[in-house]
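Each of the next two complexes has chain A plus one more chain, namely chain B in the first and chain C in the second.
Entry: the complex of A and B
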């Protein structure tokens, strides 16, 4: 069963001096197993939309439904929707990793063996070996590991949906690779649906099976990627910076040649280009 | 301008030094990129450079002023501004324009000059429409623009940008970097950009690659690009365009030069091959 947004609008300070509409009449459903990119220019309302979906902000107009039931109060999801904030490791407050990850499920009322099981599972999902990390101090791990501890803290609440706000920002290459792998695993193993906000989505492209495009608070496009070229064209129309791989396909298509069949996976794009170069060499 | 002589630094609660015996001279007007992965000591180096931290051993001087002497630190911080990654950590006011005015006010400037500096700074970062907004209503990228405007309004002689533009879009980030480079060229300001990404660094005079608290490599941006293996060994991410060239060269047996930085140039080379 999905999360459904029905005609959701939101303003900060609807009656105040700084009244500005952040979201305008947004409707869509997120289904199990989907990984949707939420893309849009700076200030388009991406973070606000995630916070409304997470139940942290109440829509000014419209409804958010989970499994057909309207959510009335902020935070009323009982952990079914997990949210990872920007720079989530800044909110780590426990001294050791076990307690940090156990904080959420403990508050859901889990104790003893059950609590231990969900914490261990969450650690496995983000590739942190319990025997190595359980007792470690939360200050004495790398920033990539901290980010994964934060993700594990959300997963330990056993959410069915995961909302991630810039999950790779500030991470170096290896740390980002580890996070990408764990997002892939979480989706594959537990069928958890995700919405991922990323202003530089290059490395996440292979994960996305849906794109939600936000501009000035409006959902101007909602599509499943058919090909690299068509995705590039839609993103460009929406004034979103193209990932380099899609930009390349767009350039090559403009220069002539048939590129419409290639998927949005950057490595696949480069393989296809290389294959065509090899073919042409072979003809000579 | 900023001179480090065998500088080492260890945090109070840690055993191993974060910065190990670094000697480096950043010339006035120089544009330097400091590159390194998470935990390599980049931010510690930045804090040493504006006297927010003082070396355990060795000396750091800014225009001849040693950061060891407490009375010098305030002057050093006025000359060298440090901008961090978290704009929320630096906001002091409920209004964008007041926030930007805070620095110039503390310089004791006349009100008309302060007004001028605030307006100019907001224009430079393309945020003039948000002068009377509270910062908390802005997006991550917009907040980073405002934080940058706050630094520009101080007109410092040296600017250290510590991963402070990471929430901006690709285009927004390169606009802001172009702006900083332009200011550095026109006003001979020293610019130190701290980053873990090898994109957008072609304007730099030098690149210092930091690994485990030591400078592993001091070179030019283009020279760096020709050392692909070293970049990968150090766990740094190649620019996407370089990764494209590398994959195609490997898979198709081509010899496209690795130091191409413009997509248009790459497309011109690729088209006849396809």
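Entry: the complex of A and C
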């Protein structure tokens, strides 16, 4: 069963001269297994929308439902919706990694062997070896590892939906690669649906099978990517800065040639371009 | 985010256009008058002046009242103490809780005095940027520098502290929500378990605040800030006719009231 948003609106100051309408009449459903990109310019309401979906903010109008029941508590029912804020490593407070990851499940009432099992499973999901990391101090790991610890902390609550606000921001190439791999694995192994907010989604493009475009608090587009070119055109129409690979394909299409069949995976785009250059050289 | 308590509200109003020194002076004078004004006519006059200033600021009254909410309990408790513990002509009640005529008057007076002062303070912060406030304090207290008082440094600390308060508020809300997403509900359970959960908020908050303070100090030093150095201001404060007019009117009104 999906998370369903029904005509959700939200404003920080509902009335008066400082009224700040953030979201306006948003409706969509997120189904299990989907990975949706939530894109939009600064101030479009992306983070607020995630917080409403996670039950952390109450919509001013409309409803958010999980399995047909209106969400009234953070995390939905039994922590089924996990949310990861920007820079989640800044919210780490326990001294060792085990306790940090166990914080959520402990709040769910898990203890003993069950608790240990979910913590180990979560660590495996994010490629952190328990035997190496379990007792490590939370200050003595890299920022990429901290990010994965934070993701593990949410996964340990065994959510069916994961909402991520800029999961790659501030990470170097290798740490970002590790996080992308871990998100891919989580989705494949546990069929967890995700909504990912990203300003520069280049490296996340292969993950997305759906795009939600927000602009000035309104959902102006909701589509599944058919090709790199069509995705680039839709994003450009919505005034969103194009990821480098999509920008490149857009320019190449403008210069001529048939580029409409290539998928949004940047590696695939670069492979295709390289292949065509090679063919061109061969012709000469 | 929504509006934060004590936040500067950028509007175009005659009050916003006033020199910050005028607003600071008016706040101090009316604050004193609010505390010392005789009951009931003196207080009524002070409240009337405050209401005129509030209206002229174009900030809706309910924003002022919203910011009073955190103080509501303290104000009510203080008024209740006045109501029940002021000796005088018996009106109603049984010992030890006796309401007297003087008690009612004292409670109403105190209620109005505290509310008036809080609204006045909010009027100042809603219409004046913290930096302007700090600069005007520096100008008004300038003579202290002659006796070696580290005025600029203390005002810099004050300005930075003021700008940190809303940031810390935002950070607290963010961490609270992040931990709530992990099932840390601060509003349920017994006192001990609630206190344990507060650690999940306090630790990252303090760590973040210290880190932010260190970054800020480094950034200031990198831009040539040096404690004790001679400083000038890019924008010089200038008193206009409206500033002199308001100052004169308020000084006259306060003398009349007291």
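The definition used in the following text is that the second predicted complex is superposed on the first by the 276 of 284 C-alpha atoms of A that agree within 3 Å, B and C clash if a C-alpha of one lies under 4 Å from a C-alpha of the other, contacts with A are read in each partner's own complex, and residues count from 1 in each chain.
Assume contacts are C-beta pairs under 8 Å (C-beta built on N, C-alpha and C of every residue); 3 or more make two chains touch, one makes a residue touch a chain.
Since the structure is predicted, the reported quantities are computational estimates derived from the model, not experimental observations.
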Side-by-side fit of chain B and chain C on chain A, or clash: clash
Chain B versus chain C as contact partner of A:241, first or second or both or neither: first
First (chain B), second (chain C), both or neither touched by A:257: first
Partner chain in contact with A:20 - chain B first, chain C second, else both or neither: both
Which of chain B and chain C A:98 touches, first, second, both or neither: neither
Contacts of A:12 with chain B and chain C, given as first, second, both or neither: both
Partner chain in contact with A:270 - chain B first, chain C second, else both or neither: first
Which partner reaches more residues of chain A (counting touched residues only), chain B or chain C: B
Partner chain(s) touched by A:208 [first = chain B, second = chain C, both, neither]: neither
Touched partner set for A:161, first chain B, second chain C, both or neither: neither
Colliding region between chain B and chain C, picked from 57-65, 111-119 or 219-227 after the shared-chain fit: 219-227
Touching both chain B and chain C, residues of chain A: 12, 18, 20, 90
For the chain A and chain C complex, residues of the former touching the latter: 12-13, 16-18, 20, 51, 54, 56, 74-75, 79, 82-83, 85, 88, 90-93, 103-104, 107-108, 153-154, 157
Footprint of chain A on chain C - complex, ascending: 1-3, 9, 11, 58-60, 62-63, 174-175, 177-185, 199-200, 203-204, 207-208
Of chain B, residues touching chain A in the complex: 13, 37-39, 85-86, 133-134, 137-142, 163, 166-172, 196, 235-237, 240-241, 244, 247-248, 250-254, 263-264, 266-267, 270-271, 273-274
Residues of chain A touching chain B in the complex: 12, 18, 20, 41-44, 46-47, 86-87, 90, 139, 142-144, 166, 169-176, 199-200, 202, 240-241, 243-245, 247-248, 251-252, 255-257, 266-267, 270-271, 273-278, 280-281
